[in-house]
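One structure below.
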Amino acid sequence: MAQPSYPADRDPAFNLTSGPSGATPATLAALGRPILHHLDPAFGALYQQTVELLQQAFGTSQSPVILQGEGVVGLEAAAASMIGPRDVVLNLVSGMYGRGYGDWARQYALEVIEIEVPYDSSVPAVSVADAFRLRSDITVVCVVHCETPSGTVNDLDAISAVVAEHGALLIVDAVSSFGGIRCDFTVWQADLVVTVPQKCLGGTAGLSLLHVSEAAWEHMAANPAAPRGSVLSILDWRHAHLAGRPFPFTPSVTDIYGLQACLEQYLLEGAEAVLGRHRAAARAARAGAEALGLTLWARDPAIRSDTVTAVRVPAGIDERELRARARAESGVMLSGGQGDLSGIVLQIGHMGPGAYPLSPVIALTALGRALRALGVQADIGAGVEAAVSALEP
Amino acid sequence: MAQPSYPADRDPAFNLTSGPSGATPATLAALGRPILHHLDPAFGALYQQTVELLQQAFGTSQSPVILQGEGVVGLEAAAASMIGPRDVVLNLVSGMYGRGYGDWARQYALEVIEIEVPYDSSVPAVSVADAFRLRSDITVVCVVHCETPSGTVNDLDAISAVVAEHGALLIVDAVSSFGGIRCDFTVWQADLVVTVPQKCLGGTAGLSLLHVSEAAWEHMAANPAAPRGSVLSILDWRHAHLAGRPFPFTPSVTDIYGLQACLEQYLLEGAEAVLGRHRAAARAARAGAEALGLTLWARDPAIRSDTVTAVRVPAGIDERELRARARAESGVMLSGGQGDLSGIVLQIGHMGPGAYPLSPVIALTALGRALRALGVQADIGAGVEAAVSALEP
Amino acid sequence: MAQPSYPADRDPAFNLTSGPSGATPATLAALGRPILHHLDPAFGALYQQTVELLQQAFGTSQSPVILQGEGVVGLEAAAASMIGPRDVVLNLVSGMYGRGYGDWARQYALEVIEIEVPYDSSVPAVSVADAFRLRSDITVVCVVHCETPSGTVNDLDAISAVVAEHGALLIVDAVSSFGGIRCDFTVWQADLVVTVPQKCLGGTAGLSLLHVSEAAWEHMAANPAAPRGSVLSILDWRHAHLAGRPFPFTPSVTDIYGLQACLEQYLLEGAEAVLGRHRAAARAARAGAEALGLTLWARDPAIRSDTVTAVRVPAGIDERELRARARAESGVMLSGGQGDLSGIVLQIGHMGPGAYPLSPVIALTALGRALRALGVQADIGAGVEAAVSALEP
Amino acid sequence: MAQPSYPADRDPAFNLTSGPSGATPATLAALGRPILHHLDPAFGALYQQTVELLQQAFGTSQSPVILQGEGVVGLEAAAASMIGPRDVVLNLVSGMYGRGYGDWARQYALEVIEIEVPYDSSVPAVSVADAFRLRSDITVVCVVHCETPSGTVNDLDAISAVVAEHGALLIVDAVSSFGGIRCDFTVWQADLVVTVPQKCLGGTAGLSLLHVSEAAWEHMAANPAAPRGSVLSILDWRHAHLAGRPFPFTPSVTDIYGLQACLEQYLLEGAEAVLGRHRAAARAARAGAEALGLTLWARDPAIRSDTVTAVRVPAGIDERELRARARAESGVMLSGGQGDLSGIVLQIGHMGPGAYPLSPVIALTALGRALRALGVQADIGAGVEAAVSALEP
């Protein structure tokens, strides 16, 4: 490789990964604000307002909860709080994150039943219905909305209807879907949803954003093993945003600044507009990747995520080397496969600040240049042409 | 109260609390940097360099560990990882944080023995020696270096010598001491020390900074209950800073930017200079508070912290109202008592960006004005005069 | 001097100079915004809005003009544009800036008449009336509202009435008064007023802010020597803020961001509140300086500025050394005398972000410490006590 | 036009104009630094260091001068200072900026001779030699290196040799060339060169950066009409960077922060690397524009600028509408023709932060989409393919 345009010690120009997705200048400015003491009245007001903005974004009738800790903390806390020694859990596995959730569930549940499908597909709602038929004692269902490494989505509209019909509690990992793919927590009757600022909202990794239903609060309260006085406690934070209520421990003021800024931008733009640009960018990424000569990972077009596109790495190509070249020569950071998908799949993100019309053009050009540098034919012109054409609705 | 100079919805001018202590402009600028993807090579290098800077600041021969989560996460993780079902723990209690640590210790230990002293005093090393005489099976000792709400310090030099003599492991909460009060982890033979960026270093609340001795690593590795695959795992993060090692989960890139900036400033200024200005500000705060007409909380001058000064609230005065007035009329944020000390004690912080020559003058003037507004005689002139005189060594 | 707390290569903690006065964090954040192209529609809208905010702040019925260039550019441009070869100018001199304005006036006028008074006094309105009696052909009067280096003000209310009575045009240098001392451009019937962002508004040095009356526009248009196609042209910029009108040359987008932020903060706080805190800080600075043992420069209390306090340097003291010590030992930047006043006078600023209750306490403490270090008795306690007492209205 | 992806009140995503060219995050962070007082010792040191960095970037043996005021101020100041009542000026005109310079020259010179060529060509060195043959009394030659609106360059290597041979003084407008096209002020024996931060260096519009030869200093000193005590004075600022020398008036501290940051980045990257990426981006822009179906404005490939590419607007197309669509639908800001070229030409900038491998791809995609929206056939795929291929040397 000749002297790269973007040396490894210099920032890349474009973050088109599967997340964290970077942040807008307005969000970065918020992160640089002087750090108020968390007990300052100005911060109290700002925190309360942020929780209200989050509720507006969630479109729910209940106050959400902000947990201090990156998404995995929220997911672990959800398992620890919601899954007790009397719970029979149905865990849906269509990718790495679903599989991982089973490990947490098994730490706390009476029993964990799993439905696992190949990672280039998704869990059919009918399988969930079948599981309920076999085991009417299922109390909690866990599902990942968008499996980031696979770029696939589970059909929450259908699955949630089945779960609701059987009266089980529903835990949803909406980490890489909320803000990019339609999520209706109320219609789903979702009980505990975990999402984060650093994917489609374009914020920092350091908070978990939780929708918690009344039934979920009751279930946690009744769970003797639900953490309290711990970083994993959800119960401790239920009222932290209310005037006069103490914070269980020092919140990250900087992360809250960033979240407030993200939510203001999200609400100002409007959910429909935000979803629209995710859809358009996704169409362009998929059409462009195929025209470039690549194969999409998810076989069924209906399950391809609007927030991230996973493509198969051409045979004989070192996926790390490919992405390293895109980074060094074109300044574009892409994401690689994780776990079982390592070396087999790479991901083009189009979420948050990366879900704009020209984002897929940039990603495809970088990828095309890297492929050529490694001796793979890649029709960049065709890829860009297809991407641009797919942008129009 | 007339129209305040600093309304509740506007930022105060000065953070002179017991921490978080605010941040310098250079640190704030770092927090506003574009958020690199955590797998970007530029971030990998920056993370590794930050761990090296931290080791330099710690002055140790081993790589420290950065945990994702505010200080309490580090403290909880230390208990969960270091205290196993075969450990007999001696927990030293001279304040609220010491008492709280006992709760965590009891979750994991075979048995917890406590030495508790009144919260305006500290634990004598001789009491620790006595405890070992009675119970030679003590395996772990837990101690808080500086009890923030009381503004007192335990004599770690003496206590650590006793612990070392008996071959027990030593866990130290150095949250509000490191960077403001001399800490020699090596001489202490400390096994697990937890500190944070947001006190004397002037950083964000969102990380725990851990010194871990080789013996501690072995003890954790041998502890079957030590968390893995959890936000509370220390073991998972041991090698996270090494090239090619994955992060257990997404680190907060923004917090690492802030930490790097703090450490660079700390090392550039030099530990001796930093300690010197903490000592000078502390002398001024103590002398000024007494001249103002207030009584210091800690009876023994030898145990008064150089990072925070606790004073008794004059009889009949509402401590919250007093601080609210300092905030509204003078733009100065101070800290109040917590728990048992609530309403009885208030704290003037002088740590990190608040440990400069004029900081105590500002705090005392604000406090004096607020006292007067509530009808308490306060000799502001004498207070400032005493503070200024005490600045000179 | 021992190792200073604030080395010369590190930022001071407090800017309490006679201006530029520093900026709030909100203004600094605005300065760091991505630089829009000046022809971008988003910048066009922002520029127009900024001119409207400025008009609101000016409280006038006409659009003001923003010139690209620090205050002296605006003052020079005013002379070059407003003073033509047929103008007889009356220039009022009560300090260095008044004297300097005479030099510019003489470059362009038919004749310049001056009234000069000692620099610790101000020009009486009656002297202006006398001048008009002697010379009814005076067409333009030039006056400095606040003479920064002397900390004195000319009584614009009285002087402007005389000028209006005689139908002459009035040019006002309100550089260090607007935003800190009441200025009523409409009642004054002022024709061309020049002020800046970097004094009482807390902005950058890089723009001149001009109120221009209809009569002034006509006078400039009729002046064949009024600059056009030059950095000194006011006429070129008259309509630059209107949609579809080109900028005469590239404006400083960053400075406009800063100005917009300053004006939003000013209008949100409200002119009365802003003036009130300037008055309070000025009272405290004056009372405190005298109690510290210093002599105020301006003899007549009625002419002492609410934006800057000038004090006489004690005999035998090197004024530069004195300020250098305040800077090095207390982190406080003060201002020194200029020109004739060099070494004789120093200034404590209390303008913009430096006009808050504790600002004078900080300045006086720093000054007191520096005086003592040079062997001068300075009663810091008494100074602070007097300052604090004078804060209350 | 449907609801645009980038509404007019929101920032565009990409500034690919002919300048100002935007700024890197590191430069923006510098602009947001707390504003030091200009007489603070920390600023004195920073200013001096900035002048030294500029000299390094210029590669000259003499201290350069920083003037307070956007490029046109430097150009006007150069005319006012260098051209006196005894000077016969040869002004070379190959575009709008050259023509404008004649206006300034005529204000100050004894006589101005001009060579004008069509604006899609450049001035041949041989014509300059011819002019000297006819008029051996020429004392000053003025030339624009890169005519931004036309995207053309005059061959300074050849022209400067002719000027040097005849012993005349050489004034160069290097505003949009320095930092993007090789400039050797020493070999050229250039006497006064004006450039700016906001083009190839990626800084703010607010300063002029001047190389001044010893002969130029002598010529200005001997010119009785050279401004002093004016914003147009170069002489006043000659020694402003030296310790102990006063600033003629308040410099823009914020702009100097920005300049320092730009220069540090420029020198760290290295002049050769910077020039290399300008050349590569220029090749890609030109090849891509032609493949897209557009015609380049400059006929002779040898005179096409590496910093900006001018293309002819297709017949029947409204140039403003075309650029407005690129801005609204693709978030890309391009530049339009000015003056005579208005509506006929548009410019794709590739300078400073816009001179990276993918910049032309972005510009061409945006332009192609806008052309199509207006009914013009544009082969985006071919354009991008050609651009990408041209990137490789």
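Letters are used for the chains, namely A, B, C and D, taken in the order the chains are written, and counting of residues starts over at 1 for each.
As a convention for this text, a contact is a pair of C-beta atoms (placed from the backbone, for glycine too) under 8 Å apart; a residue touches a chain by one contact, two chains touch by 3 or more.
If you're wondering where the values come from, they're calculated on a predicted model, not measured in any experiment.
Identification of common neighbours of subunit C and subunit D yields A, B.
Of all the chains, the one whose CA centre sits at the greatest distance from that of subunit D is B. Centre to centre, using the average C-alpha position, subunit A and subunit B are separated by 34 Å.
Averaging Cα coordinates per chain places subunit B and subunit C 45 Å apart. A straight line joining the Cα centres of subunit B and subunit D is 53 Å long. Residue positions of subunit C touching 2 or more other chains: 11, 25, 28-29, 32-34. By the touch criterion given at the top, residues 8-12, 15, 17, 20, 22-23, 28-29, 31-42, 45, 68-73, 76, 103, 198, 204-206, 229-232, 249-255, 258, 324, 327, 333, 335-336 of subunit B touch subunit A in their complex. Those residues of subunit A lying in contact with subunit C across their complex are 25, 29, 32-34. Every residue of subunit D that touches subunit A in the complex is listed here, in rising order: 3, 5, 11, 13-14, 25, 28, 32, 273, 277, 329-332, 356-358, 361-362, 365-366, 368-369, 380-382, 384-385, 388, 391.
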